[in-house]
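Consider the two complexes below, in which subunit A is the common component and subunit B and subunit C are the respective partners.
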Partner chain A sequence: MTTMPAGRRRPLRPARVVLHLFLGTVAVGWLFPILWAALTSLRSYEYTATHGYVSLGGWTLDNYVTAWRTAEFGKHFLNSVYITVPAVLLTLFLASCVAFVIARFSWKFNIALLGLFTAANLLPQQALLIPLFRMFTEIPLPAWMSDSELLYDSYWGLILVNVAFQCGFCVFVLSNYMKALPHELYEAAMVDGASVWRQYWQVTMPLCRPALAALATLEVTWIYNEFFWATVLMRTGDKFPVTSSLNNLRGEFFTDNNLVSAGSVLVAIPTLVIFFLLQKQFVRGLTLGASKG
Partner chain B sequence: MSRPRSQAEYLARLVPPSVAGLNRRSLLAGAAGAGALLGTGLLAGCGSDSDSGAGSKVVSLGSNQSDPKPKDVIAKVMDGFKTSSGVTVTINTVDHNTFQENINNYLQGKPDDVFTWFAGYRMRFFAAKGLAGDLSDVWGKLSGYSDAFKKASTGDDGKQYFVPASYYPWAVFYRKSVWQQHGYQVPKTLDDLNTLGAQMKKDGLVPIAFADKDGWPAMGTFDILNLRINGYQFHIDLMAGKEAWTSDKVKKVFDAWAGLLPIHQPDALGRTWQEAAQSLQQKKSGMYLLGLFVAQQFNNDEQDDLDFFTFPEIDSTIGAKALDAPIDGYMMARKPKSETNAKKLLEYLGSKDAADITVKNDPSTLVANTGADTGGYTALQKKAAELVGSATEIAQFLDRDTRPDFASTVIIPALQQFIKNPKDVSGLLTSIENQKKSIFTS
Partner chain C sequence: MSDLPLVQADRAVPPAAPTTVTGGRGRRLRLLSRTDRVVITLMVLVPLLLVVALVWLPAVATVLLSGTNWDGIGPLGEIDWVGWKNYDDVVNIYPPFVPAVQNNLLWLAALFVVATPFGMFLAVLLDKELRGSRFYQTALYLPVVLSLALIGFVWQLIYSRDQGLLNAVLGSQTDWYGDPHVNIWAVLVAAGWRHVGYIMLLYLAGLKGVDPSLREAAAVDGSSEASTFFRVVFPVMRPINIIVLVVTVIESLRAFDLVWVVNKGRNGLELLSALVTQNVVGEASRIGFGSALATIMLVVSLVFITVYLATVMREEKR
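For the complex of A and B:
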């Protein structure tokens, strides 16, 4: 009782050793592919072709230069911005509108509406591919909006698809968050004569800032990482976002894995930056809406 | 004009010519979608994709040539077209694999006026579906193509839908230095090949390099054995789903292959073709049956050491004149913005001028136009051109000669299973035949 070391040694129970072994293994399991890709991207193909990947040497930065140039990442990063930024803003705006109504007004279809938006999350996106593709090729856009003159092969179409698929999750999270806001605030606002719009824009939205920040971080990562729809609903290679343009590094007969690794690392950088900068929001985002106030 | 009698007729009258020909349901879905999503009506902005191109000076090209070298060559050829015709080409490059996987969507959406594609069944498939434009009149102005190339550009209805640009043959490659060192001779028959393989094994070499991790390289082996044992016509009919896979003829092919497996590199399923090619390059293997692109795995100073022969004869009544030589080229969309410009471009792409530019800028391709100046060819290219020129029939490689879904979902796993377990051929063929029936009737 008086000896401190005894107290410190207590954690060395087998259960604890097992736990740490497990945690260590999982951490290595997650980090290994990323580190392996980073390592591979720094080595020349000639070296790894002759010595195999389980070797050291052939260090070079050429892969990054070549990847940036051949896949034209500069242009495609911009395309990703064109798609991601409006899509995230629009998603958050629309989702917060729906969430506000669901959380603040008791209305007959409240549960049904929330159910509808949440259920959309369960729908496999691929199942909607053909109907969506058909629809998009039938919907005209004026030439100033897209040179394809259709929703197909336009940024508008991709933004819409992303907004539609991301709204469900955001509505779910935001409505739970809004339900937790004290009801008295709204009574006070009503007494002061605030309109519904004002209650939404000037009372609810400022209070939801943490939730919105967390969702924005998550959504940016998700929409940025999305490449399926871009590949299917786009026809012009120059308009592909960066994730889809990664395919440019695959050769017709021959794929230089080191080059592809370098490209993948480049594409992953923005998500990593966002994660490290906004880590706090990110983690909070995972537990948002987990508890109902 | 009579009054519409039903809602359907009323709606049908609203359809502008540019979207006519669709059924009512998709139209209504489109209208509802447009209305809901954009707040604009169905009619807004329509009708602008009619042929405004008679006087315009632009034509668009969808290209799958995303590798740096071929991409550069395409740009140079299009510059040449601009100089000769004054029409500008906008090039839309999509990476090779995505382009191929999306072709169905691409063609049914709003394709570019002219696009890169492959000869053979893959071309005939889309031509038969009405997704490609008839190029018979362009062919009337082309010269320098052998009959085998014209045959490979012709659809089921006898019209041409394709302009060939380049090709590469499949053959058995080897290093001259290795063969000189051991005094090997090019085999003329299957027995010669087996004897040679046994000798190579004695000399510590892997006789035939082999890899099938990606699924498609083994198709080359199947193709050439089928062509040698059963001949071109049977092969093409088999690919088109007209012959039964359970027939004795096909069984003979797999039996012959099983006989050759002992002189093939073992554990092929875990190896990529690059690794197999490197074993040839590193003088660990004696031969490798692959396309001409195998040369990409050799250093520049080793190119002269690379040589090939066509797969030896198996049945003397069939001979050894047919081979796989996939042809790449161009097709026209069913409704190009400007048909005149698109056809002008295709005529140029099939001309000697375009071929000359290609040869000058990419010494690794073989151009389809025989009129082209091939002075820049390497010895290997010259030999490859001669081989294909003397071929009586040209197959396009299994995945181009049959339905893509059949090739990828049925044949790839089947061939891999055969390589893993060459014993149960009849069970395997029955399973292929059953799956073939369901795919080809769909």
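For the complex of A and C:
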């Protein structure tokens, strides 16, 4: 680029203008599909059908009401909560346990253990579908846990599979984070006679709050967005979490793009809220995994 | 990360006796009590069992099943070993296989040649101290928080034949998601839209970690900004480059949600992941055959996962 590196000299004005123009255009272009969806969702189908979509007018909120009712979003959002909340908590808990042992003690299996977890997070899920699908249809659950009486088509199954796949990433990030904590902390705790569990729970975990917050934000988004497992490991339409219920929405709203857009906006809202409120956590979580934070 | 609370003064310990210190991290497992050892074992074993049972065991089973003719219904005792036959069938008598491989490669190429460099370019621009940089960044990585399934729907509003924006503006009648000649490109634009933001984010973090004195030294030597980037900054970001490469490969291999919501991965949108899924949950459950497809995916991904692990573990040793 033609501008000078920041901080060296006052940059040339015209070059800066070009840079802002370029970035502004790209940014608006990037926001456009989302804004377009929001715009379409606020217009009545009758109006856009007669005037075309490249027009203005026909403002209404009816699409949201109709979409919410037809696609039963209330129920599906609740399903997403049932799956996401336990899955995130369990992922963070189990991952922090492993990460703590990896960071706190060195033995010869540390590297292998870390590799085993991290790699599990990167395998293509579809490649594991066949045995997992069979396994889930063979494992019985008591009726009070799932009306399917199987791990297949139950929230439990989805929670477990999400935890198993997301653990790797969290183990990786948390073990790096924990290794950076000063080791003297443990010396002090040991002298106090603190057990390993207390060292983990009362010394390490409170210090990991920033990393845990970042990971929680990221994992909520990822598990809420998870589409594949819910699509293949669920059968009962009523039990689908919101992201995979999108696929049913396609059939129901087939002829009405305004309804599709209202549905899309509704599904996007939780992640957008997280994004705007916890942007820092979100970004930190993503980059913690790639660099050493 | 630097604002860790200090150890309370009254808890500070005099240097431990030489017998307990073996240097570096605590490696005094043998000094632990029995309870502690049980706790440690459980802390590792429970998550490990879960991951082995739900990830690694299925991975091994997939590879084994790919050599059998199991139909998924009969008892395990009736399974016959058929060797490479499933692979032979996949390559020779399964019409969607070749288009799927082509599409996966096209996916990789599009992300790697267009979306990744563009994301990197934007990161370089945004790395400057720039007024409004936050707004630009936010706009660019907003799509990253959306699921690819949702992205398929958001773009449908643009691509739909009768109600889409694109046809309205161009005055054309193309069914962007349905026409097998164009739909893969339409889907790739949507996938790239998300990928750019992700890559930008990774490089932005990578660029912040580059020692500024390197750039200053290059500038003093009269190196232009572009050549400084390619000859000094880019090589220094080697670990990030490898991670981005692996992320891109894995993403292209795992691509699934977007084509599944469009048309379940048929008619121009064949992908390996969709073919595997069709063979399991679809009308015909061909276990051995589907496993052969899955094993191909596994092998490719494991190569790159190994590269990834080698990179991050080496970083860690520093």
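Observations, loosely collected:
Here, the second predicted complex is superposed on the first by the 262 of 293 C-alpha atoms of A that agree within 3 Å, B and C clash if a C-alpha of one lies under 4 Å from a C-alpha of the other, contacts with A are read in each partner's own complex, and residues count from 1 in each chain.
Note that a contact is a pair of C-beta atoms (placed from the backbone, for glycine too) under 8 Å apart; a residue touches a chain by one contact, two chains touch by 3 or more.
In this text the structure is predicted, and so the values were computed from the model without any measurement.
Contacts of A:248 after superposition on the shared chain: subunit B is touched, whereas subunit C is not. Of the two partner chains, neither subunit B nor subunit C is touched by A:259. The larger set of touched subunit A residues comes from C, when the choice is between subunit B and subunit C.
When the two structures are aligned on the shared chain, A:278 is found in touch with neither subunit B nor subunit C. In the superposition on chain A, A:134 contacts both subunit B and subunit C. Contacts of A:148 after superposition: subunit B is touched, whereas subunit C is not reached.
Of the two partner chains, subunit B is the only one touched by A:236; subunit C is not. By the touch criterion stated above, A:160 is placed in contact with subunit B and with subunit C alike.
Legend: residue contacts after superposition of the two complexes on their common chain; A:208 is shown touching neither subunit B nor subunit C. Shared-chain residue A:116: touches subunit C; no touch with subunit B. When the two complexes are superposed on chain A, the residues of subunit A that touch both subunit B and subunit C are 131, 133-135, 160, 231-232, 244, 247, 250. Subunit C meets subunit A in the complex at residues 1, 4-5, 7, 11-13, 16, 24-27, 29, 32-33, 35-36, 39-40, 43-44, 46-48, 50-59, 61-62, 65, 72, 122, 124-126, 128-132, 135-136, 138-150, 153-158, 160, 163-165, 168-169, 193, 196-198, 201-202, 204-206, 209, 215-216, 219, 225-226, 239-240, 243-244, 246, 250, 253-254, 256-257, 260-261, 272-274, 276-277, 280-281, 287, 290-291, 294-295, 297-298, 301-302, 304-305, 308-309, 312-313, 315-316. By the touch rule above, subunit B contacts subunit A in their complex via residues 19, 22, 26-27, 29-30, 33-34, 37-38, 42, 44-46, 48-49, 62, 66-68, 70, 92-98, 102, 105-106, 108-112, 273-274, 278, 291, 293, 296-297.
Subunit A contributes residues 1-8, 19-20, 22-24, 26-28, 30-31, 33-34, 36-37, 40, 48, 52-54, 94-95, 97-98, 100-101, 103-107, 111, 113-120, 122-135, 160-161, 163-165, 167-168, 171-172, 176-177, 179-188, 191-192, 195-197, 200, 207, 210, 221, 224-228, 231-232, 243-244, 246-247, 249-250, 257, 260-261, 263-264, 267-268, 271-272, 274-275, 279, 282-283, 286-287, 290-293 to its touches with subunit C in the complex. The part of subunit A that touches subunit B in the complex is made up of residues 49, 70, 131, 133-135, 137-143, 148-153, 160, 231-232, 235-238, 240, 244-245, 247-248, 250-254.
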